[in-house]
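A, B, C and D label the chains in the order they appear, each numbered from 1.
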């Protein structure tokens, strides 16, 4: 079971997500330690690194990757910085857990794929944490079992309480629906072939200029159809639901509740307010699984191909948004490295 | 409260629906009696009429309407026979409860509207029974209250266990989605402006030639968007669900259950298997409300305009199905008689 | 199906319950009409009777029973007045639907049983409306099917929003738990043999002098055990729940909901606030079934024996309350008339 | 955050529970390592210890505690062996996580308390893992907030699929209801003062000689009343539920579900089948919290006093079972060490 030394991780990016991962690696994951932290903001890097024994603070991601005791890299910097960090890590042959997106654009993702292929083996896992959520895992297992027959439709709901004022229509696709693109690919085992976006009259609660909510319909090469309600300013909570409609039944996740209260004329309970709460256990499982697999020299989660495929679907999705038309997803052929 | 004589009703059509209504008028509705039954099949008409005191059996609908003691007409014959029966009833000035559809086509519906307008007052109620379902009523009341803000999206699921082999793609729209067309119009208070239909690879459980399930997306002149999963061969039950997504929250109906069983490793309960079971109380309330309103000389349910509007949406829906394109709904201006 | 003349009913008692039944007989029940109303308060009787065609108002119950066109009696007067009204009705051979309790004490109930036995046939139905609730009916059917094996335990919850200040500890048993006594007897098919009452420190929301809530545990001659939480000042709603624990599973009713709302950080829905709302459909079904059975000369609901058995259990329950001890239920042997 | 060396743990007992904890300490808990394993069965000890780097196998618990690198002890041996192991650990001043029961009898527990008091500080945590379950934590937080007023009643259900044939009536109390004794004490913040046990006719599925299910009612010194259904052979699943009835509302846990399936005429989902599944996350959190607190020199979970109080309640419970009477719980005064 046990291995000699814990996996030394360089965490790139000391924002909310990076800080959450540092705490997780330090306190909640066996077999790992945070060896270095990098952030452009030196104070922020130091504040995060200092309490961790033997953890160095850097402003340069590459310096952090080169720090002593670094065996792997966790990238939690802003999306536009991912490509450079990924290429630097691959250059060193370091395994990587990269928060989504792999890269903001399919072209960058292709360059990352090319670099990884040169190494002759997979190094990169992309942080699609829903694959580690216990409800998603149950749904995936049920679909894989074939008990309900083939999936025909997948209905998804993705609701946030509210979003920052700089959130754009494109962010709805790239930051939010990206999760459904990956989850649908993973649950259905098929690639996305075309996307169409419907926009009702926006909510008065949406920031000026944001068309919120939207309904995204996409097709897959397996014939199943997916519809996603993305509602970034739902006002009431963070809620992620999915219902797979199969040939002999349907299966739904996302209604789960722990506590049922009867009070003041109503029954019910609290809705999660944030993805870090809703998916707290999933993040823990994801990082634990990544550390374990990395120590065995494997990649078991979403890989770079998955990151590329989602980037391609996002590109089609934002074009569908702009044009109001059905847009086909443009993808290269899947390299042998990513077929199993 | 009480009125001198019960309302004498001629029931046109002695099939499943007609028989159900005769039993209802006879046993479950105060203030009404079945005065006549008509069916092309004389034996069937007689079998239904005989046990009811003072009820005559006819093969000709017009003869039934002309029978002594007939004050009102309930049309439960096949859709293609509705127009003639409606015009005959209007000709006699008799109030009508007409099972859906009003007519199978918008043109026939327009002829009925014209005949009704000549009478200078509304006589016709269309049997959209969901308006009398207690869950739909709660949802409608909540939306009308404005408590959750404006409705933006309406997600609908309409699932049957299975359908007859002669069910066609067009039946999915005309027989099934027709209910969602009316329910959405009623819940949202807006007309449907365009329809688009998506077809995943059909279920292996669907009869040869039927593309089942389908996803129907339609727009309304209020800006809200509606999506309907219609799945005629779901295999597991009759299930009708609706979720309204509003500016400050969402509201869902159709999950209701009475009995929760823990047994054999599972928790859960039975799903209704038939619309006559699921909507039994709604049918009772509908006919009771129609009898009461009719005795007061009013029409309070879905009227002939609603029947026409649904026929127009169905015409667009079946064209959208055939073409795979977004099809605008073509409607005449609403006559003054139907505005309130 | 249909019968010549509607059943003429004399309604005794023009309070909330009586008024509700008059409206029901007049508007929601086929085959019946209100022929007379009696109330000690002449104005109240008249106010209720006047709008109903052909309905006379009386202050004397017996005069109402003797009014022309009276075929049956519905007793909705206060409990202490039931015995006299029942005996008067039996004296006339009139069938009766008597709101619970049959009589407030087992002795009175025995006198009623004796009078009914003299007639040689059952005339009396007691208004235990839960037997007509669709959820209770499903639970009863499931237990009767034997699918889950023999029932071993029955957990009951009975919660009101609040009660009148004159509500006493004894009222908790006689007015509230009386329903569970009957429901348990009916669901389990066994008589109650002993009762014990537990009293936690009362809620601060309970009126001075009322020990609220209480936990009532009772035994049955079939070996199953029943526990009832009675909470008359729950504050939040009217809620009735029951869970049968059987050899191969459990079955629960009372969680049902129609509308699920997500708003303001919470999911959930409204709780019923009053028994007339929660059991509205049950009351309708009860009176409809009574009218139908009465017209056929039958008693199909809870009969006078059931009323007596509940009175005996209530007597034991209130003594158990006073003494804190387990009290055996004292009952006469079941007369042949009530065995079937 | 981080500490120099991981906590070296000696695990006493290599059965199901011990093996589960070794895996947990090795793979799922940061900051700990398994330094030694002891089991009377040398092969079993070795099989568990061998794969863990630097972990020694012993047959003598004291030898394991004396092994190099042991900083703390986790006792997972059978209950009767706990007292000796606890005293040995205290003798060495080692902090302990002791699986429940602390000791099988109150007398043994008092001896452990005495030994711990001699050390002048708390060393022992008892493995009441429900305190670390997220649903219990939510319920506890809600009760502590006072939002619903004071708790008045607590309804508990504790159901297993089935139990070993050597399970006795006393086991129902000592092995199963022991959890509810602790949970109720923890949720309500009060000690148990008296216990009464009701026994319905046993299920035919219960092993010969076991009176299963039973209903245990107990009182607390805060005035709240608790009822527990213990059903060791429910047949359908492992299910733990609790509903607190408070002055202004109720709160229930244990209905949670992740996956809702519609299939074959039913809606619903799977019920957990085992406590190691149902409480997997709770065990992880418990051991993580114990490791963290131990490294800080604290005891934050259930302490030895809690273990003693539960032993005292169990003694009353088994006597109540035997006698059918209400039995007062006999407890010593709480030593200052265990008051906060």
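As a working rule, contacts are C-beta pairs under 8 Å (C-beta built on N, C-alpha and C of every residue); 3 or more make two chains touch, one makes a residue touch a chain.
Bear in mind that the values here come from a model prediction, so they are computed numbers and not experimental data.
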Centre-to-centre on C-alpha atoms, which chain is most distant from chain D? B
Selected pair, greater C-beta contact count between A-C and A-D: A-D
Any idea how many Å lie between the Cα centroids of chain A and chain B? 44
How many angstrom lie between the centres of chain A and chain D, each centre taken as the mean Cα position? 37
What whole-Å value do you get for the distance between chain A and chain C if each is reduced to the mean of its CA atoms? 57
Could you pull out the residues of chain A that touch at least 2 other chains? 234-236, 248-250, 257, 261-264
In the complex formed with chain D, which residues of chain B make contact? 234-237, 239, 257, 261-271, 273
Footprint of chain B on chain C - complex, ascending: 1-4, 23, 26-31, 33, 51-55, 134-135, 138-139, 142, 147-148, 248-253, 255-264, 281, 288, 292
Of all residues in chain B, which touch chain A in the complex? 149-150, 152-153, 155, 159, 198-205, 213, 215, 217, 219, 222-225, 227, 229, 231, 234-236, 245, 247-250
